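Paired with chain B in one complex and with chain C in the other, chain A is shared by the two complexes that follow.
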Partner chain A sequence: MFNVELTGELVAFFVLAAIMISGAVLMLTLTKVVHMVASLAAVFLGLAGMFVLLEAEFVAFVQVLIYAGAVSILMIFGIMMTKHEAVQEEPVRPVQEIVSAIGALCLFGIMFYAIRLTAFPAPSAPVTTGEDNTMEIGKLLFTQYVIPFELVSVLLTVAFIGAIVLAKKEAE
Partner chain B sequence: MLPSYLTMAAILFCIGLYGALTKRNAVIVLISVELMLNAVNLNLVAFSKYGVVPSLTGQIFSLFTISVAAAEVAVGIAILIALFRARGTINVDEYDEMRR
Partner chain C sequence: MGDRLLEPLSWGNALIFFLLAVVMLAVVLGFVTYAIYFERKVIGWMQFRKGPNRVGPLGLLQSVADIGKLLLKEDTIPRKADRVLFILAPALCYIPAFAVLAVIPYTNKLYFTDLNVGVLYYVALSGISTLAIVLGGWASNNKYALLGGMRSAAQMISYEVPLVISIVGTVMLTGSMSLRSIVEGQGGGWFWDWNFLPQIIGFAVFVIAAVSELNRTPFDLPEAESELVAGYHVEYSGFRFAFFMLSEYVYVFAIASLMTVLFLGGWHPPAPFLDFVPGIVWFALKFICIVFFLFWLRATFPRVRVDQLMGFGWRVLLPLAILNIFVTAAYMEIFIKR
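Moving on, here comes the complex of A and B:
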C-alpha cells in the first residue's frame, strides 16, 4: 500500500482529501449553523478540485457554480428565513448518536473492505475524453442523451415553480 | 488511483449519513443529504476516467445528478420555510404530527 511513487496527482489528491474531510468533520462539530454551511462550501470546492484531477473540467465548473455557489447560498437563505440566531443545542439523544455512529462506521467498514477486495482491471480502451471536454459533453448531450436532457429541463422548471408556490405566503 | 477515489467517496458518504441521522436542524439534515449526493458524483466521475471502459457517460450522469439535486434543494428549502411558518420550529424531531 505504501510502495506507490509520489506523483503530482497523488499529492494533489491527498491535499484535496484533507480539505474535504476536515470540512465535512467541521460541519458535524461546529455549533453555529452558518459556520456549518461555510465549511460545507470548502467540501464542495475540494470536490471540484478532484473533478479537475479526474479530467472532468466541465463537471468541476458546474460543481463550483451549482454547489459552492447556488446551493450554499440557498442554504444560507434557508437558515436566515428560519432561525438565523440558531445554535445547535446540546444533543439530548446520546443513544441515537451512538447507534448512528456505529451504523455509519459499519457501512464505511463494509465499503472499504469491498473496495480493498475488488481487483479493478486496468482501463481497456484508451481514454476517449478528448481534448475539449466541454465540447465532447455537449455533443453527447444533444445526440445520445437528448431525451433525458429535455426531461431534466422540464423537471427543473416544475421544481422551481413548485418551490415558489410552496414558499409563497398564503393569501389571507 | 481508483480505490483512493472510491474510499474518499465512501468517507464522505458515511459522514453525510451520520449527519443526516443525528442532526436536529432540518437545514443541516438537507446539507448532509447533499454531501451524500456529492459522494455519488465523485464515484461516477472516477469511474468515467479509471473504469474498465473509460467514457464520458459517467460525467454526463453526474451532471444529471447535480441538476436533480439542485431541484431537490430548492423544493426542500421551500418545504422547510413553509413548515417553519406553520409550526414555528426547524427541529426535525418536533415534526411528529403523524406519530401522535
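Moving on, here comes the complex of A and C:
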C-alpha cells in the first residue's frame, strides 16, 4: 500500500491535504472572526489545488476566483463594516462537546467504511478529458445542460434584484 | 519546458524546476530595480527635473541603495497590531504576484507552462493579493490602513469584472483561453492583425481596468497619500514594506506581459519581413512601451474621486465590455465563415 512512486502529484497531494486540514482545524479553533476567514481562504486554495491535480483546471481557477478571492474579501468586508474586534464567545459545555466528538468520530468511521466498500464503476459514456476540458465544459453547458444553466442565471438575477430591493428599502 | 512537468518528480527535475524559478526571480528582481529607476527618471524628465543622478553612473545604483536601506531598516510591528496577519500579509501579497508569471509565454519556446485556462489563472491569483492587502490593512489596527484596505477590496471587486469580460472577446476570436494559443492566433501578418485593433473596445476597457487592478495612478486610492497618509501600508516598514512595493512592481511586469500577449501579438514582429529578428526582442519592445505608458499615466493624471471610481467601473466599463462581447459575436457570425 505504501510503495507508491514518488511523483510530483503525490507530493502536491499531501502538501495540499495538509493545507486544507490545518486550515479547516484552524477555522474551528481560532476565535477572531477575521482569522477564521483567512483560514477558510486557505481551505479554498487547497481545494483549488486538488482540482488542478484532478486536471479540472477550469473548476480550480473559478474556485480561486470566486471563493478564495471574492467571497473571502466580501466576508472580511462585512466583518470590518460591522464589528472591528469581533470575537466568538467560548461556550463551556463539556458534556455536549464529548457527545459531539463521539458523533463526529462515528460519522468519520461510517464514511471511511463506505468509501472503502464502494467500487467506483467506470463511466458508461467515455468522458473526453483530453487536452481542452474547458472547451468540453463549455460545449456541454450550452447544449445538453442549457436549460439548467439558463435557470441558474435567472435565479441569480432574481437574487441580485432582490438584494437591491431590500437594500433600497433599508435606505429609505 | 512544459513537457518536463509530466515526468515523474526526480531529484534532477526538482532541481531544474528550482533553478528555473530562481532565474525567473532574479530576472523579475532586476526588472523591479530598474523599473523603479526608469519610473523616477521618466517622471523627472516630464517635470523638468533630472531624476536620480548621484548614486553610481547616471544614478543607476539609486534603486540598489534604496533597497539596501529598506532591508537594513528596523522592522517595527505596532503593539496593538494583529501579529500573525501583520506578518503574513506581505508574503501573501507577493506569492500570487510571482506565481502569475508562470503562464506568460515570452516566446514560442520560452514559457513555463501552457495552461489551458491561462487567462483565468492570472485573474484568479491576482485576487489573492487583494485579500492580502485587506488583511494587512486590517491587521495594522490603524484607521488609515483599514480605509486603504477597504478601498482596495471595493475597487478590486468592481474592476475585476470588466477586466475579465474585456478579455472574453479575445478568447472568442482565438477559441482558447491558453495564452500561448492566443499569441499564435495573432501571428503571421501585419501589426493590424493583432488583437488590439479588432478588439479596440476590449483593449480600451482592459487597459483602464488593468491600471485600476495595479492600484496605480489615477486609481491609486488604496494608498492615496494626500488623504490616507500611505493607505494600507502605513504601519509597515523595512522589508515588509519592501514586499508590498515589490509585489506592486511585479504586477506591473505581469500586466505589461499580459497586455503584450493578449492584445499586442506577443512575440510576433509587426511586419512579415521583420521575421528574422528573434521573438524575445519584439516581446521586450512591446513590453517596455507598455511599462513606459504606465509611468507616463502616473506623471500626467490626477487621482479619480472614490465615488466616481465605483460609478465609472460599474456604469461605463462593464456595459462597454459586455457590448464588446456582443459586437464580437455578431462580427464572428457574419464575417468569419466556419
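Definition applied: the second predicted complex is superposed on the first by the 151 of 172 C-alpha atoms of A that agree within 3 Å, B and C clash if a C-alpha of one lies under 4 Å from a C-alpha of the other, contacts with A are read in each partner's own complex, and residues count from 1 in each chain.
What we mean here is this: a contact is a pair of C-beta atoms (placed from the backbone, for glycine too) under 8 Å apart; a residue touches a chain by one contact, two chains touch by 3 or more.
Nothing here was measured: the structure is a model prediction, and the numbers come from that model.
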Clash-or-fit label for the pair chain B, chain C on chain A: fit
First, second, both or neither for A:F58, with chain B first and chain C second: both
Greater residue coverage of chain A in the superposed arrangement, chain B or chain C: B
Partner chain(s) touched by A:L28 [first = chain B, second = chain C, both, neither]: first
First (chain B), second (chain C), both or neither touched by A:V11: second
Which of chain B and chain C A:T134 touches, first, second, both or neither: second
First (chain B), second (chain C), both or neither touched by A:V71: first
First, second, both or neither for A:L105, with chain B first and chain C second: first
Partner chain in contact with A:Y113 - chain B first, chain C second, else both or neither: neither
Which superposed partner A:I164 touches (first chain B, second chain C, both, neither): first
Closest approach of chain C to chain B (Cα atoms, Å): 14
Shared chain A contacts, counted only where both chain B and chain C touch the same residue: 58, 62, 70, 74, 77, 133
In the complex with chain B, residue positions of chain A that touch it: 9-10, 13, 17, 20-21, 24-25, 27-28, 33, 36-37, 40, 43-44, 47, 50-51, 54-56, 58-59, 62-63, 66-67, 70-71, 74-75, 77-79, 81-83, 86, 88-89, 91, 93, 96-97, 100-101, 103-105, 107-108, 111-112, 115-116, 120-121, 123-130, 133, 136-137, 140-141, 145, 148, 152, 155-156, 159-160, 162-164, 166-167, 169
Chain C partner contacts - residues on chain A that touch it in the complex: 5-8, 11, 32, 34-35, 38, 41, 45, 48, 57-58, 61-62, 64-65, 68-70, 72-74, 76-77, 80, 84, 131-135
Contacting residues of chain B [partner chain A, same complex]: 1-8, 10-19, 21-25, 27-28, 30-31, 34-35, 38, 41-42, 45-46, 48-57, 59-60, 62-64, 66-75, 77-82, 84-85, 90, 93
Touching residues (chain side chain C, partner chain A) in the complex: 5, 8-9, 13, 82, 84-85, 88, 115-117, 120-121, 123-125, 127-128, 130-131, 134-135, 138, 146, 149-150, 153-154, 156-157, 160, 175-177
